[in-house]
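First chain A sits with chain B, and in the next complex the same chain sits with chain C.
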Partner chain A sequence: MKNIRFFQPDTVVHALEFLHEHPKARIVAGGTDLLPEYREKEDNAITGFIDIMRIRELSGISFDDHAAHIGALATHAMIAQNGTLKERLPVLSAACSHVGSPQIRNLGTIGGNIITMSACADTLPALLVLEARMVMRSLHQTRTITVEEYIDEKRKQLVPPGEMLIKIVCDLPDEVPLSYFFKLSRRAAAAKARMTVARTAYIESGQVRNLRLSVGAVTSLALRYREAEKLIEGKAVTDQLCCQAGERVVHDMLAVTGRRKSAAYKIPVLTEMVRRSLEGLQ
Partner chain B sequence: MKARQFTAVSRSLPRVDGHAKVTGAMKFGDDVNLYRQLYAKTVYTRIPKGTVKSVNIDKACKVAGVAAVITQKDVPGKPITFGRFPVIAGKEVRYIGDALAVVAAESSEIAAYAASLVEVEYEEVGKPITDIEEAASFQAAQIHADAPGNLIDHASHHLEMGDADTGLSHADMIVERHYRTGFVDNGYIEPEAVIAEVEINTQTVVIRGTIQNPYNIRSAVAGVLGYPLNRIRVIQTAIGGSFGGKDESMIALSCRASILALKTGRPVKMVFTREESFICSPKRHPFHSSYRAGLAKDGKITAIASTHYVQGGPYNKQAMFANWRASIHAAGPYRIPHVDTNIHGVYTNTIFGGAYRGFSSPQVVFAVESLIDECSELSGMNPREFRMLNCLQPWDTLPTGQQLSPERMPANLSQLIEAVCRKTSFDEKWEQFRIMKDNRAHTVKRGIGLSATFRGVGLGGEGIDTGSASVTIDSDGYVQVTSGFTEMGQGLATSLSQIAAEEFGIDISRITWNQNDTSANMDNGPTVASRGIVSGGNAVVQAARKLKKRMAAVLCGRLGCRIEDVEFADSMVRNNLDPEKQINFSDAAFICLQEHGISLYALGWHSPGPQPLDHKTGRGEAYPSYLFGATVAEIAVDTGTGKITAERITSAIELGRAVNPQIVRGQFIGGAIQGLGFAVMEEMDCSDGYMHTLNFNDFMIPGAMDIPEIDIMLFETDEHLGPYGAKGIGEIGIEMIAPAVANAYANAVGKRIRELPLNLERALAVDEGGEA
Partner chain C sequence: MNTSQTEIDVTCTVNGRSVTVRTKGGDRLIDMLRDYLHLTGTKEGCSIGECGACTVLMDGLPVNSCMVLAGQAQGKEILTIEGLKHEDGDLHPLQQAFIDAGAIQCGYCTPAMILCGYALLQRSPRPSVHEIKQAISGTLCRCTGYVQIIEAVTLAADRIQTKGEK
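Right, the complex of A and B next:
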């Protein structure tokens, strides 16, 4: 049996120093992803845990004129219940309200959800359409990177070691876009997503502007579907366009995953879910 | 119906264990700890099928804090616990839950660590046999050398009435269909836990744990230790759900912990992880059922012939019993002149089938009620009309030759079918949804489905439905009740306390229910088959009446009346003819005990004797009585995603008497929710012999948000069988839901799914013409 170090720092700097000294230690926020993972993997190399729940700098949700600043430790419950976020970033608020069960939402953080980056993480499609940015800090530098870029780094296994997520920054446009979020799962609550669709858009004189569309749980990491967005951008939405966009998304999804056994289900359902996400824009 | 005034039964009194449960004070299996206890962990095989060349425990033994490591060599008695199940496997492993060694240590972490150091050398011998077709095929390798065709011993049953071939040849149409169901876990929240110790003074092994059937555990442990029964004592702790499941797994744990307790001289505790519980506990048996129904032009069924293969897993304990029950119910609650039912169980190298609420009825009722719906469709009738035309009526004969005399069938099934259909406007909706299904403007379709059932009460021909109870009145007039049946959440403690209170005419607060202990009560068989209320309740009534008679004999002189005029009511013992003459119950007890020295302890033993049934021919009375029920499910089907949402369940059941109506409803609703899980989401994957469904993340059961409105109509009758007419309600709730949902699905989209669950993929694939 091995000895595991447990560290509870009060500041980001202390946490980063410890992480630097113990590269195989892992940050724990709510622990709702990490602890099941730790228990399942017999041969894990974790040598220590850094409990960041006491770090004040990481908690809280604040606003300035143009953006929402969501601390890495903001729980799904805090985000879902925040009145301003509900009003200004409804797609994120909806995503967080669909995570797990009340217990999981009270404990699980948005930071943990992003960093774990599981295929069916509910906040990722929402953060993608919001073009949210992540503030990442390591012992010697701080950088800001979009969630989409981070997903790309993750896919290419280029995420630098020793980094900590400090906060998420989401722009608050003057006008709140029309927003859509839908999670399909096998049970009504406390279930991982079979498919998630997030969409934001504006309508100006009958035409769709600034459409953003993202789907989770069908590829190993959530994706934006820009070709489908382009198909509709600047046009008046019709039934036919909605279906075409659905087909385009499926096409692009298959380009990433290849045709697997599950495609028999995914293809028709994804087409339909994308169609539904757009039909409200008519 | 005879009007009868009750004071304690027929009332929704609060549960006697309710306060302790809702406040969290209740002690469950894992809450029991003993001085100097050890913790034990099992070493499991890593392959589902193969030969074991060696088991090396040296490294494990050397770990500091390890007290003992045992292998099959250390089993003092016979190494088989039940069926063919080894307490610890020897040369051969046959499924992924087989044990090869067990480690006891100072902490569960040390035990787990040492267990990981046990080295086993295997040789794989052929691929595991994992499904029914494969197991039953001619080329299949034999899982047990002495079980040709992989057929489970005593699990094949044949039941015949009339001549099915003749019946089919008289039909205008023959409907041939196949239905399938898979493994489903009992899904209890509390994993198995046990603690065994050796009581030094008597050299008795005492076992406490989350045990559904203490006497089963006692026999198994006695066999494995080579002890007589009276030196094994099993005391049940509170149970966090069982549903039939905490039996085989508890036998394995209890036997292993007992061997280690004897070996080390210290108490040994074993608690399953969720993963162990999913691998090592019994599941609902998978069924492959093939039906042929003969249908006449007028909509009458002329014959039903069916063959069922049932997956038992590697060792089997229950298939012979579950299959027998299935064979009686396989043709459904219909009057059918010609019936032929064949059922077999097969061994496989997978997780195993065992007891789970319903005990074969969820599977056969799904199959036969889907079939009946398909027949109604083909007859051009609505499902209600078709069932009304064909359903059993009083004086009809069941396939065993048993006649349904009216006292055995007080509520017509047709009455129940009419009641649920009227309540739900079934005919109108069924017709409306049938038309709507072709309307392409709606992607979400609605459907309504009907199912009906009958259910043999108790064990019937499976075994003798005995029940025991001991009742003691103490000198202060307070009463202790102990039963050979167990409380496992179903509410028996409360219901039996109510029955005792009713008999003595005292308030339920005067009754204390004692948890079952095998050294305090006679072995009355397991707490299964919804039989606790009938057999357990009758035993309590009997014991109470013995005591009342003794008391009346002593007190009638003082009361100035004959023995038969002594009445027990309102916490008084009184002269029925002159109610002014009365003694309060406490004084009465004191007088009897202290002044007359008569015993205020009585044992009630209920035994109906063996069922009048010839097991060779299958002729006779399978069950002493039957419950009847009808259910309507209303659902929404999202044809774009395959998502089925249950909107409303409406049931009518004939149950004799509801001793505690709220508990009865709770039992029904709990069963219905499990039935809904079976219908739309519960599935387990052991398709390559390894277990892939290991926790509640993989194994989805309905949550609060999935549960529709459930409306239950209770039809009470004065039956002769159980106390005050009660017949037992534990299981009937579960069996009607899956067929009602599947039939509603067919109503909504016009296609059939004949395999459970109706998960997203199946419900969608059908739309593409995949399964219809």
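Right, the complex of A and C next:
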């Protein structure tokens, strides 16, 4: 067995410096994705672990007048149990409460869920509809990008090396939007998502305003479905519109994935899941 | 710890006792508990966080010890199944209830199930069936069908609350 280095920095700068000197070391937070990966592949290139769990700057959940600041190390359990988040960002709270099992929610962090970015990551659809922002830091700069932009960078393999996620920032609108989150999986607990739908919207004078719709686990990275959103925006929701939006999402999903064998299952099920996510707006 | 090492001395509290263990950089908490401290009550099942057999409490919360690096346990309080019985050897009411309710068959999930039940009773002394199901939902049992396990946790809660058992 090779010698693996272990480093436990107490500041972000120390972690970034170590990462710079050891580019094949991996940052570990909750470890729930990284440790199985590390052990499964005997020929993995990992030369060391940088345990960031002790960096105070990365932990905790705080609020100002307009936004929630969620430290990269906030665990899914902490987010799911936070009363203010439950009330003000119910779609994120619901997403975190559906991650893995209680044991995994006690370890796994929201930062890890984003950075690892597995296709079935439960928090991504929620963060997409919240238009959440990520504060990223490298040795030379700090930048803020939306989760959607980060997903795009990931898709195009444009994520700069040597960066660390510091926190997630979610706006807290004066009025909490009507929120919906549904995870379809083979069991109620400890199961990976087959499909995940997140939706937020307002209703003003019977018409839908600011509808945001995202689906996870059906494409390699979670996506917003803006064409389906546009179908409904500004209108009074009807059964027919809900079905049309479902069909539009499926159409756009197939444009990304192509028609795989699983399409025979995904097409009717996703159409129905999207329909259900919207029918409550009637 | 601001310098990196391939061998790490991990100092933490295991079952109420302070220990220092020299581990390797890639060792996990389960390796430290089983291979170095010989606390083999903690079981390794799937090694990927799905079965929950390796559950221990870290600072009071159930976690999969196969997903924690040994070094990450530095300064933490770890409770394993061995730490639950009393010093005189008497079983904890949860352990006794698992025996009395027939909640143990092959026994492989039992340490994890009992620790999940213990963490639950710490925060909810009279849990509902729903709460118990939630609490054990990260631990697989392939023998009992879970019914006896839920009954055992309910029985233990009742004995602790009404009879003052400890």
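To be clear about the criterion, the second predicted complex is superposed on the first by the 282 of 282 C-alpha atoms of A that agree within 3 Å, B and C clash if a C-alpha of one lies under 4 Å from a C-alpha of the other, contacts with A are read in each partner's own complex, and residues count from 1 in each chain.
The rule we apply is simple: a contact is a pair of C-beta atoms (placed from the backbone, for glycine too) under 8 Å apart; a residue touches a chain by one contact, two chains touch by 3 or more.
Not measured: the values here are computed from a predicted model.
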item	value
Partner chain(s) touched by A:Tyr38 [first = chain B, second = chain C, both, neither]	second
Touching partner for A:Leu221 - first (chain B), second (chain C), both, neither	neither
Partner chain(s) touched by A:Met53 [first = chain B, second = chain C, both, neither]	second
Touched partner set for A:Leu139, first chain B, second chain C, both or neither	neither
First (chain B), second (chain C), both or neither touched by A:Ala264	first
Partner chain in contact with A:Ile203 - chain B first, chain C second, else both or neither	neither
Touching partner for A:Ala189 - first (chain B), second (chain C), both, neither	both
Contacts of A:Met273 with chain B and chain C, given as first, second, both or neither	first
Superposition-derived comparison: chain B or chain C, residues of chain A touched	C
Contacts on chain A seen with chain B and repeated with chain C across the two complexes	1, 36, 101, 188-190
Chain A residues touching chain C - in the complex, by the definition given at the top	1-10, 14, 18, 22, 25, 28, 30-32, 35-36, 38-40, 48-49, 51, 53, 77, 100-104, 106-107, 188-190
In the complex with chain A, residue positions of chain C that touch it	1-6, 8, 24-26, 28, 47-50, 52, 55, 58, 61-64, 66-69, 71-72, 74, 116, 134-135, 137-140
Chain A residues within the chain B interface of the complex	1, 36, 42, 101, 184, 186-192, 194-195, 264-265, 268-269, 272-273, 276
Contact footprint of chain A on chain B as seen in their complex	109-110, 113, 116, 443, 640-643, 645, 681, 697, 700-706, 759-761, 764-765, 768, 770
